[in-house]
Amino acid sequence: MSKRKSPQELGRYLKFKRWLAGDLDLLEDVTEDAVPVAAPEIADRLPARDSALESRCRASEEVYGPEVWPQSHAPGYAQAWRDRVALQKGAGDAQAVLQAQEKSLGFFRAVYKIMAVLLCGAIILVFLWTTAFLPPFGNPDNPANNEVPARYIRHGVEETGATNFVTGMILDYRAFDTFGESCVLFIASCCVQVLLRVDACDGKSAARTRIQQENDRLFEPKNDGILQQTARLLVPLIMIFGVYIILNGHLSPGGGFSGGAVLGSGLILYLNTFGFAKTERFFNERVYRRMTLCALTFYCLAKSYSFFTGANHLESGIPLGTPGAILSSGLILPLNICVGLVVMGTMYSFYTLFRKGGM
Amino acid sequence: MEVFELLLLLSLVVCAVSVAVIRDLLASIIVFMSYSLIMCIIWILLQSPDLAITEAAVGAGVTSVLFFVTLKKIHAIRKEDRDE
Amino acid sequence: MFGELNLNLEEEAAMVLFGIGFTMLLLHRNLIKKILGMNIMDTAIYLFLAAKGYIAGRQVPILTDGVTDPAAYINPIPSGLVLTGIVVSVSTTALMLALTIRLYERYHSLDLDRILISMKQEEEEQL
Amino acid sequence: MSFVQNFPFFSIILAMFSGIVSSVLKGKKARVLSICAIAATMVLSAAVLAYCAATGESYVYWMGHFPAPWGNEIRAGVLEGLTALLFSAIMLLSVIGGVKYTQTDVEPSKQNLFYILIDLMLSSLLALVYTNDLFTAYVFVEINTIAGCGLIMITQTGRSLTAAIRYMVMSSLGSGLFLIGLSLLYDVTGQLLMSPAQEAVGEIVESGQYEIPLLVIVAVVSVGLAIKSGLFPFHYWIPDTYGYATPTASAILSGLVSKGYIFLLIKFYYRVLSPESVVRSHIGNVLFLFGVAGMMLGSLRAIMQTDTRKMIAYSSVAQIGYIYMGIGLGTPEGMIAAVFHIFSHGATKALLFLSARGLYRVSGDRTDFLALRGSGYRNRLAGVGFLVGSLSMVGFPMLSGFISKLLFATSAMASPGKMLTTLIALAVSTVLNAVYFLRLLTGLYRPARSGAYDAGAGPDGAAGERVNAPGFRVAVLCLIAFNLILGLFSQPIVRAITEGLAMFS
């Protein structure tokens, strides 16, 4: 059961995986595999391999690109590495093997490239072919322009009170979808909390807390004057814009989701300029949790009431108001505010969880 | 107008292809941001301002911020490895 | 047969983008690129839907001057669907990015295959 | 309108609401709330089933003030009620049975998040079962996917994190295909609700106008949902995903989540297209082929494993293959067999995953066959549970697996073109199942070679019975009983499925 894979096997496995996923820059890995296989005596003459360092180098290569990696972090090791590759290339046996491997790799690469392009091309062709048979673009007689949108437009204002037909549709006619969508956001934020929230209640996570906080110093603002002045000017504007979008969701383009995202970005800007200490004075985890709970509970109860009355053919008794006024359209305005709060909190919590694993 | 639309759609495809082939992650995220903004303009041309506003706030704004913070986090982890 | 083909740029661009995004999500080995590919794929579908809702020469679906004639506005349904879809895709993106951070913390790589290989090695060392 | 008709809606909202409230509760309270909510859902679904069976017809329920083509709708009938009942029962038993393991596997401060995921998973499954609206189905498919991902990675080990990212990648591909299928369908029919869409599709088929788009839609939606449920060529994420999660999560993922997508696919075939047009599009033949291939290759891979977790997970691949084979037969009998197998496999897999974990516990948390040797004596209840589950998988008479194999065989008789293939596939796969399950079973009841493995036994040493928490005992016993009921009294259930499928169209 615990049979360890030999280097050769691992190499083959590696190559196969690469082939499956199609790596395009495998050269240095090939030489790495080739060392123990082809020229053990050469490998013996070199400094011991430092696998941890290698993995770090590889990691930086992924982030920064291949050119910078060794020189910047580990010049000595990089030199040794280069020597090893050079030595190996000098050795006759090793080179033959290397060439063979490169050749086979070249084959794999070509196969992969062809596969990717073929797949992409096949999908595109199939769908292009399909679109060619679809109803024409921009034609008012298409099947999609039937009695459904006609009613949304003709009776939308009197039935929902919203002058923005899209808002009226998603928050009244098809409100169940939208409720599901808020739940998608809620559950995604729960999953991100599972992954990234750091709770200092046992030893293992205490160590992670320390690491996270050290990391976070990199993000903390350095009291940048220009940034702070700009933010003083921009943050109120962004916030007011966000609130405007939410409150006018039933009258003009926008609504809870877009407004909430704008508010969330405003908060993120404030956080990045002035730091956690100031932000936590008015927005911390407790506020966030309560806000989300209240907003979602209200949403859930209000919509349940509306669904229940609708299905049992009862009057909902919620006044719709004058179309066009801010205080109109029944439940749509409060629901938009709820959604806006949830989205704002969720976006902000995503950001802080990503940054330091907690709010 | 037609030419403008054609240009926008072409740049959309160019952006998507370059997101796929650019090796530098930061650059590809920035290209993706511009992809979202072009998409916004197209949606305005298609008479859907609701979508444009949401895409500008969510797609080009929050999603990109999340990508950036992820990248920064990854750099931080890497730096820590180096210091140890 | 080809005479009645309907050629429209928006729809075709959407399909091309869908293909690119799908291939990136399936075959790119870098996790961040995969997630970008997923976003491209989703926006492509939304572009397709938005193009399907458009009707030539009509207005934004917001009541103007009290006109409630369906012939004055474009179809509001695709817009509503896309709004829902955008939120769904931002949630999925956040979740996948969080997973990426955790995987990078643990395996110091963004390459899914390298992650799988180092996971297997780690387990074999444990046994 | 009778009050009972509100129950499907109540059960969805109840599960969702308990998830929302759990976000501020501590782990223990969240668990109690979650168990109560699932139990309440079960009762409500039973009432719906009884109501529909009594009236003999299905009904639609407006989600709002507007009727069919304008507002959202859900729909309940005998099959929906039955599925909701069985799903919530299996979920309840898996949650109760895995309580102890959840406590050890999940970080203490994140227990409540686990139960939020369970609650929302339940609500999304119910919504998928009841929905009469395609776009609602898409939204809840996404909730299901994200909750599933959360359940996989809740243990936060390296293995589960990689499994989660692979699962997310494959699921996003599936969702993308499903969504583009919906968009195309909306474009050619102009409807999002299932009943008006069906009429529109009927007209289109008659006029023969959008033949090619319709074919692409059927293909794309089927492939999307097949990817998400892990049909054979797209199955590579399954073993890690199912094998390495906490037992409650494994049972739910393997028993219910993939079945939810299959149920949606069946609903799509019956409620949006008509079964005849599916047969005509030949997509059924493709599903049949892949189903048969999945049965064979899944079983073969399971034979090659030496790790119990992976073996059970690969056997899931094979069982999903059975279900798609039934769908692919393209006859009503095949569909009945497939639906019955959804239930039977859900119950059996939950039992297997739970009792397997009980066996690992007395074997020092090792999972390979060698370590499990003799563990049937060390933990008798888990041993019996595993025995019953394995025998049911193999198709031992009196157990649920036997009935589903019988149904598959009889339905094969009705479709002459595929009869031989189906029968041979069934026979070969039964033999293969027997090989790998019996190999493990004989190991379980063979004394361990030396005292080495006893030393690694659970905290109570060899005192097997005391190792099991009361919840675990109740759950395993109930699941065994459940298997026996499905096996012995299958007639009413098969009749209900037949009736329910008839109500679909």
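Of note:
To keep things simple, chains are lettered A, B, C and D as they appear, and every chain counts its residues starting from 1.
Operating definition for what follows: contacts are C-beta pairs under 8 Å (C-beta built on N, C-alpha and C of every residue); 3 or more make two chains touch, one makes a residue touch a chain.
Just so it is clear, the structure is predicted and the values come from calculations on it, not from any experiment.
Of the two chain pairs examined here, A-D and A-B, the one linked by more C-beta pairs in contact is A-D. As a whole-number value, the distance joining the C-alpha centres of chain A and chain D reads 28 Å.
Centres computed as Cα averages put chain B at a distance of 37 Å from chain D. With centres set at the average Cα position, the gap from chain B to chain C is 12 Å. Of all residues in chain C, those that touch two or more other chains are 10, 16, 18, 20-23, 26, 30, 51-54, 58, 60-61, 77-79, 83-84, 86-88, 91-92, 94-95, 97, 99-102, 104, 108, 110, 112, 116.
Among all residues of chain D, those that touch two or more other chains are 135, 139, 142, 146, 149, 153, 156, 180, 186-187.
In chain A, the positions touching at least two other chains are 1, 56, 59, 62-63, 127, 130, 133-135, 142, 144-145, 148, 152, 164, 166, 174, 177, 181, 184, 187-188, 191, 195, 253, 255, 257, 350, 354.
Inter-chain contacts, as defined above, occur between A-B, A-C, A-D, B-C, C-D. Within the complex, the chain A residues that touch chain C are 1-2, 4-5, 10, 13-14, 17-18, 20-23, 55-56, 58-59, 62-63, 112, 115-116, 119-121, 123-124, 127-128, 130-140, 142, 144-145, 148-150, 152-157, 163-166, 169-170, 174, 177-178, 181, 184-185, 187-189, 191-192, 195-196, 251-253, 255, 257, 323-324, 343, 350, 353-354.
Against chain A, in their complex, chain B makes its touches with residues 23-25, 49-50, 52-54, 56-58, 61-62, 65-66, 69-82. Considering their complex, residues 135, 139, 142, 145-146, 149, 153, 156, 158-159, 161-162, 164-166, 168-169, 172-173, 176, 179-180, 183, 186-187, 192 of chain D touch chain C. Note for the complex: chain A touches chain D at residues 1, 126-127, 129-130, 133-135, 142-148, 151-152, 159, 172-177, 180-181, 183-184, 186-188, 190-191, 193-195, 197, 199, 201-202, 205, 289-290, 292-293, 296-297, 300, 304, 306-313, 316.
Chain C makes touch with chain D in their complex at residues 18, 21-22, 25-26, 31, 34, 38, 41-42, 45, 48-49, 52, 77-78, 81, 84-85, 88, 91-92, 95-96, 99-100, 102-103, 106-107, 112, 115-116, 119, 122-123.
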